[in-house]
Amino acid sequence: MTPSLLYAFAGAGLCGIGMFGFIQLRHLLRKLLAFNLIGSGTFLVLVGLAQHGQGPDAVPQALVLTGIVVSIAATALAIVLIRRYFHLSGHTSLEADDSDSGQGGAE
Amino acid sequence: MITAWLMAGLLFTPLAWAVLCLLLDFSRGRLVSCLGITVQVLVSLGLWVAVAREGGFLYGLGGWEAPLGIELRVDGLAVTFILLTAIVAGACGLHASVYLAPDNAWYRYFWPLFWFLWAGLNGVWLGGDLFNLYVGLELLSLSAVGLVALGGGINALRASLRYLLAALLGSMAYLLGVALMYGQFGTLSIAGIASLLPETQALVGPGMAMALMLSGLALKTALFPLHGWLPPAHGIAKSPVSALLSALVVKASFYIAARLWLEFGHELGSTAVAQLIGGLGGAAVIWGSWLACRQSQLKQVVAYSSVAQIGYLFLLFPLTFAVSDTASLQAQQGMTLQVVSHALAKAAMFLAAGNLILATGSHQVAGLAGVSHFLPFSLFSFGLAGVSLMGMPPSGGFAAKWMLLQASLASGQWWWIVVLVAGSLLSAAYVFRIYQASFVAKTGVDDFYHPPGSLEVIPLLLALMSLGLALVAEPLLSVMALSLETGGAP
Amino acid sequence: MSLSALLPPITLMTSLLAAVLIFATPEHRSGLRTTINLTAALIKLLLVAIMVWGVFQGVDYHLTFTMLPGVAFTLKADALSVMFAGLSAILWLLTTVYAVGYLEDSPNRSRFFGFFSLCVASTMGIALAGNLFTFLLFYEMLTLATYPLVVHRGTVEALRAGRTYILYTLTGGAVLLVAIAWLHGLVGDLPFRQGGHFQQAASDLETPLTLIFVLLIAGLGVKAAIFPLHGWLPQAMVAPAPVSALLHAVAVVKAGAFGIVRVVYDIYGIESVAALGLLEPLAWLAAFTILYGSVRALSQADLKRRLAFSTISQVSYIILGISLFGPIGTAGGLVHLLHQGIMKITLFFCAGNYAETLGIHRVDELDGAGRRMPGTSIAFTIGAFGMIGTPPLAGFITKWTIASGAIAANMHWAIAVLLLSSILNAAYFLPVVQRLWFREAVNDWPHERFWGRLETSAWLFWPPLITALMTIMVGVLASMPFSPLSWAELIAAREYLP
Amino acid sequence: MMPVLVPAAVLLPLLFPALALVPDSGRIMRYGLPLLPLPALTVALLSGPGWTLELPYLLNGGVWLLDELRRVFLLLTACLWTTAGLYAAGYLHGEHLRRFCAFWGLTLAGNLGLIMAGDIASFYSFFALMTFAAYGLVVHEGSPQALRAGRIYLVMAVLGEMALLAGLIFSASEAQSGMLQDLPPAIAEAEHRDLILGLLITGFGVKAGLPLLHFWLPLAHPVAPTPASAVLSGAMIKAGLLGWLLTLPLAETALPQWGTVMIMAGALASIGAALIGVCQQQAKAVLAYSSISQMGLITIMLGVALADPERAPVIIPVIGLYALHHGLAKGSLFLSAGLSIPAHKQERWLMWALITLPGLALAGLPFTSGAVAKLAMKEALAPEALELGPRALLAPLISAGAIATLLLVLRYLWVLHKHTRTAPNHRAVLMGWLATVLISLLGFWLMPWNLANAPGFLPSPYELWKLGWPMLTALVLAWMVSRSAPGTPSVPAGDGIVLIERLASSIGTGVLRAPTRPRMTRGQKPSYMNLFGRLREILEAKERQFRQGMGLTMLLLVLLLSLL
């Protein structure tokens, strides 16, 4: 069990927890946080598994960096949407789903 | 040399226009974007012609080579999809420029999102390594979510949030798979991994990675039973947006999944997996069509039809696994034809549906009564697109179905024939349900709003293209085939 | 590319172009629309006439290009195709004239005539298709083009009929698609060839070939309204009369029958169908349909429904004829393809005239209509007697030839079927004729309209008379060169050449 | 001249109906009626037999021709139609005039055409044309009786046509030829000989009034307008006979069974029809039965010819002669049924005499056509010349037939006498009738009924007795009956068909009253519908679940895929 593998397993564990949260939680913000947890776990796996013993690999670093940027962008978009959704509906979750039978959007 | 310029134009324009449009309001953005669309279409066309003449090539972005640089695979299939994107997205953009009311403040974000979406699509078609594909996919998903939410009410937001969550979950699963792949092989290039795979002994890690990636992509493609997010999102978005989403965005993730399967499937797949995915595809065909028949809202019908049509695409998996080369080739050709024809047809359908809704002022199917008398044009486009969806000749949908039938027969997997036939009958059921509603005689006068001619022409052109696809299928397929042959080179 | 290769596509384009132009014509420009319609119809008739002559001289009209990998799009004019094309060209012209009169002042005419032309274009395509794939292409196109015509009125019944129609035909089309795809996968692209392809079929192909044949017949049988796939036909009667006329005489029903002819003769080859043991079951099926349609027609009170069931019965004559092994039976089946079209279109024109002029839809309202509308009633009488098979009308020639074929094929029971069906035909047609001429009109007509000097609008008056005259002429002059019978015998002779 | 005149003979009456489309053409058409058969009459009179006219485009290749036998029939037909046409011109009144004239022309065209047709297709075409067009003549009056008669006529005609068609198709296939003259030898050798014979005999038998196929005759003849009845009974019945003569293998091979059957049928017809006929209350019905009876006699001759091929060549011309005689005489009788008796006494007597004479001719009165015909028949059927089983029966049969004939004539005169009106006759009516009577009595002798060793105009004394005793017997019988039983029993016209109709109607009502299937009432859906609805609900709930549980489903998919 090398340290890098330990990182990887930790990452996998984080992913599992995040996944659980993503499925189980109702509150949208919590869901978002769970998503971020999965993201972090994934990055750990990426960095941890990629150390092949020939010294540090530059590629995973670059990848993780990009990945973080992407996930920040996604989080930001999500927050904007959640905020506006809360303003309009007063709900913090997606429970009241009647979109398939309700009114269509304003065209 | 000219191809380098074309590539630069292709990749640069969308991003540049996206940034430019961020600074402008909707009306000005519209003017600028029309120019951009023209450029983009011309560039795509040029690239297609170039590749069709001289064959595909690899293109290092900015002169950087892999692994740190981004290497793009410019082959026949990719340029065909780029051209398809240019046509469909261009049409949707032009349609939107008339369709969307300039006075809504939120719409100023339409053009930037539109261009980001386009950039993402191009990235996905050309991407040669797993991570670039991920980035392209994310760019695509996020702009798509933004477009769905744009200027909508609660329902639109709810749908877009649901869409966003699904997209993110899918991306993460995919990324996790990428991580596992990289951990195993130390490379991200699809071709590179494919060349390493046959020597690899431990297939558990890659197998797991493959499962994760495929599942994530399946979620993004809205494969049954992961399709729950699609109908609300596509149904509630503005019509041009729905058209973009249904025609192109879902195809991007499918495209990645298909490439992964074709490159890695032989080693990492199994008959059970192939049949399972095919089975889900088949279930999607039946389920989606059946639900489409049951919808009372026009755009929901079209949205569920997308679920069904996507199901056909996944028949690629069983039909290319452990079968003869002929069958596999036929399945691949069928799949590409299905992508192209569905993109054209569904875009036409959504745009026409938008026109119809605009004209009747009602979202309901029943609201179409009497339309066939006063508004035959949009209905006609809708009908022609429906012909393609039903897989009636001489449409592209028919050509696709024919190839898939041939593949099923050649591979001995006759049960997919049942799916194909049942699917086309069910799709006929929902298409004709709409015709029927429009043919209901309505006493009274023409109280419909008549959309401007440009709105009516665009879907008609798209529908005609989709309809005539089978007639030019052979030359088109020969260009596309350039990819599948040369795909092995790193 | 020579002119002879281009003639079939040009012929096809004539009506296709007409369809596009008509769709683009504004609703109120009826004069322009009529001009386009008639011009296209005349041009097409001319082109087909040229092709008939050419085929007679042995010119090869053939155009082909690859459409999908391994699949060619082929247009070809051989003796059989120009026969069908000729029928549809002539009857299209007449039906167009008729429809112009019939739909005077009704809404949605651009839509109607557009799809009408599209429908005929598809029929042309079916006629000129050079292989099964191309046939399928136009066969499905026909389904789509006909639907708007069936539901044209937009009433509840029309919509229901449209639904039934589409349900049946699309299912049939799907079955056909599977069958054709299977055949393709098995042996590749098969152009229609006189004598067929499977004379020396390998024995290991026997089972799939049999299955494919059954599927093909099932798929085509829907349009040909073979029992038990006939359910859509009586319902489709709600369509306007010209549509019913076209549907029954030329387009849909005939497309199915024509397809069966193609499959039996030009794909499988009659010898191999016989060798597979499929000919006799087909004949039985046709025989049963003949009787079934006739029996059902007896109890129909609605004139058009009665005609519809009669069509079910009559179209199976074609099938019966071609499933009698031997050139005589073949000629009988083929000639009925034309004869039935001419006779049935006459009857439908007349039914339409009664409906349009007097508001009559039911048989029991027809009492004494012969006095009010002698021209139409004469046409109807001729058509009805033709259907019964009274000499020297068209139907007699058919029955005689088919029956001779049955004797030649040693299938004597077919004669009993023919005779029984003739008796039944008489039983449901003669009362109608009797009512027309020999009953006194009880009271005023339900909805009478007047048109000056003629009994009805001139547009409506002449087409049935012309087709009635044709019914007589094709019978009386059956042995003339280029008559339907001679042409059918020519085809049959070519099909049985070694 | 022939290529023009022959088609004209058929085309003129055939195209005559076109006139009916012209409004107010009734008058022209009415007076055109007697002119229609003139070209045919010219052909029959002026052209020698033996010509053929080929019309290769017609049907399956048409050949029209005239031989001895056909010439006799053509002459009879043309004459009768001419005089009947004259009669009709005066007889008809305004109602539906044009319609009647149209059908008259069509029927005439058929009747003339079938005689001259040499190929099967034209023959059958004209035969069918005549059959169906005659319906228009039968139901012309439009009364319920006429419609009923028409219906029965039509049903039987259709059945007959079908039998005929089948027989012709079979025999044509056997002969590999479309010509009528090739049929008899082919049938004689045919594999399905008996079937073909049965079909042909039945098919033509309907027209010729064979027993059990005769039902339409006594119904249709009385209800049709008088001139139409005359041609129906005089000319059109003979078409069936001609059909037999042309198609049956008379001189080819011995068919004793069929011969016997025909003889029996003929006997039954000649005597049975007479028995029923004398019980009729309508003048024209009596005549119709008389026609059946006469045709029965001819059928006997035909039966003999069938059974004995050696004798057939002798018998066939006799049949022609008999047909000619009967056609003219019966035509005159029928036409007389529509006359009014003038008030003037001498005229009245003259008229009655002229009415009676053709009747007596039928019975074989010396110095009339009947005497020639009867004698020729007796000679042809002389037992010593024949070789068949029931030859001994023939002479008594013929005598019985002669008695029956006169009885029927007397009955006719009696009924006619009771129903006559006193009024002036239309001139055309009178002329038409007179012309027929004259042709029957005088013209007959000029006609070309070429018969080898024909009996002369003057019968020899023993022949006189042969002719006379049945007539005397009949007179005595009639006198006795009229004395002893003033009210004759009445049998409805159409005898057997009445029973059949009753039977059919009782069955029909039985079928109609059969309990109809219980129908599902609205709103009450069958249970499978509920099941379907339930299924739909479940499925829709599932769809909602798919929306909510995306993550979980996704996880499951990943697991599944990686496990596989």
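Just so it is clear, A, B, C and D label the chains in written order, and each chain counts residues from 1 on its own.
Keep this in mind: a contact is a pair of C-beta atoms (placed from the backbone, for glycine too) under 8 Å apart; a residue touches a chain by one contact, two chains touch by 3 or more.
Just so you know, these numbers come straight off a predicted model, no measurement behind them.
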Review point. What chains, if any, are shared contacts of chain A and chain B?
Key: D
Practice item. Determine which of the two chain pairs, A-D or B-D, is joined by the larger number of C-beta pairs in contact. Key: B-D
Revision key, fill the gap. Taking each chain's mean CA coordinate, chain A and chain D are separated, in whole Å, by 99
Review point. When the C-alpha atoms of chain B and chain D are each averaged to a single point, how far apart are the two points in Å?
Key: 78
Exercise for review: Determine the centre-to-centre distance between chain B and chain C, using the mean Cα coordinates as centres, and give it in whole Å.
Suggested key: 42
**Study point:** Separation of chain A from chain C, taking each centre as the mean of its C-alpha atoms, in whole Å
**Key:** 65
Revision key, fill the gap. Multi-chain contacts in chain D, i.e. residues touching at least two other chains, fall at 547-549, 551
Exercise for review: Could you check chain C for residues that touch two or more other chains and list them?
Suggested key: none
Exercise for review: Would you pick out the residues of chain B that each touch at least 2 other chains?
Suggested key: 162, 165, 169, 232
Check your understanding: Can you name every pair of chains that touch?
Key -> A-B, A-D, B-C, B-D, C-D
Point to revise | chain C - residues contacting chain B, complex | key: 23, 65-71, 73, 107-108, 110-111, 136-138, 140-141, 143-144, 147-148, 151-155, 158-159, 162-163, 166, 170-171, 173-175, 177-178, 181-182, 184-186
**Study point:** Of all residues in chain B, those that touch chain A in their complex
**Key:** 67-68, 131, 134-135, 138, 142, 145-146, 149, 151-162, 164-165, 168-169, 171-172, 175-176, 178-180, 182-184, 186, 188, 231-232, 235-239, 295, 297, 299-300, 354, 357-358, 363
Revision key, fill the gap. Seen from chain D, its contact residues with chain A in the complex are 544, 547-549, 551-552, 555
Point to revise | chain B - residues contacting chain C, complex | key: 329-330, 333, 372-373, 376, 380, 387, 390, 392-394, 398-399, 401-403, 405-406, 409-410, 417, 421, 424-425, 428, 432, 435-436, 439-442, 470-471, 473-474, 477
Check your understanding: Which positions of chain D touch chain B when the two form their complex?
Key -> 536, 539-540, 543, 546-551, 553-554, 557-562, 564
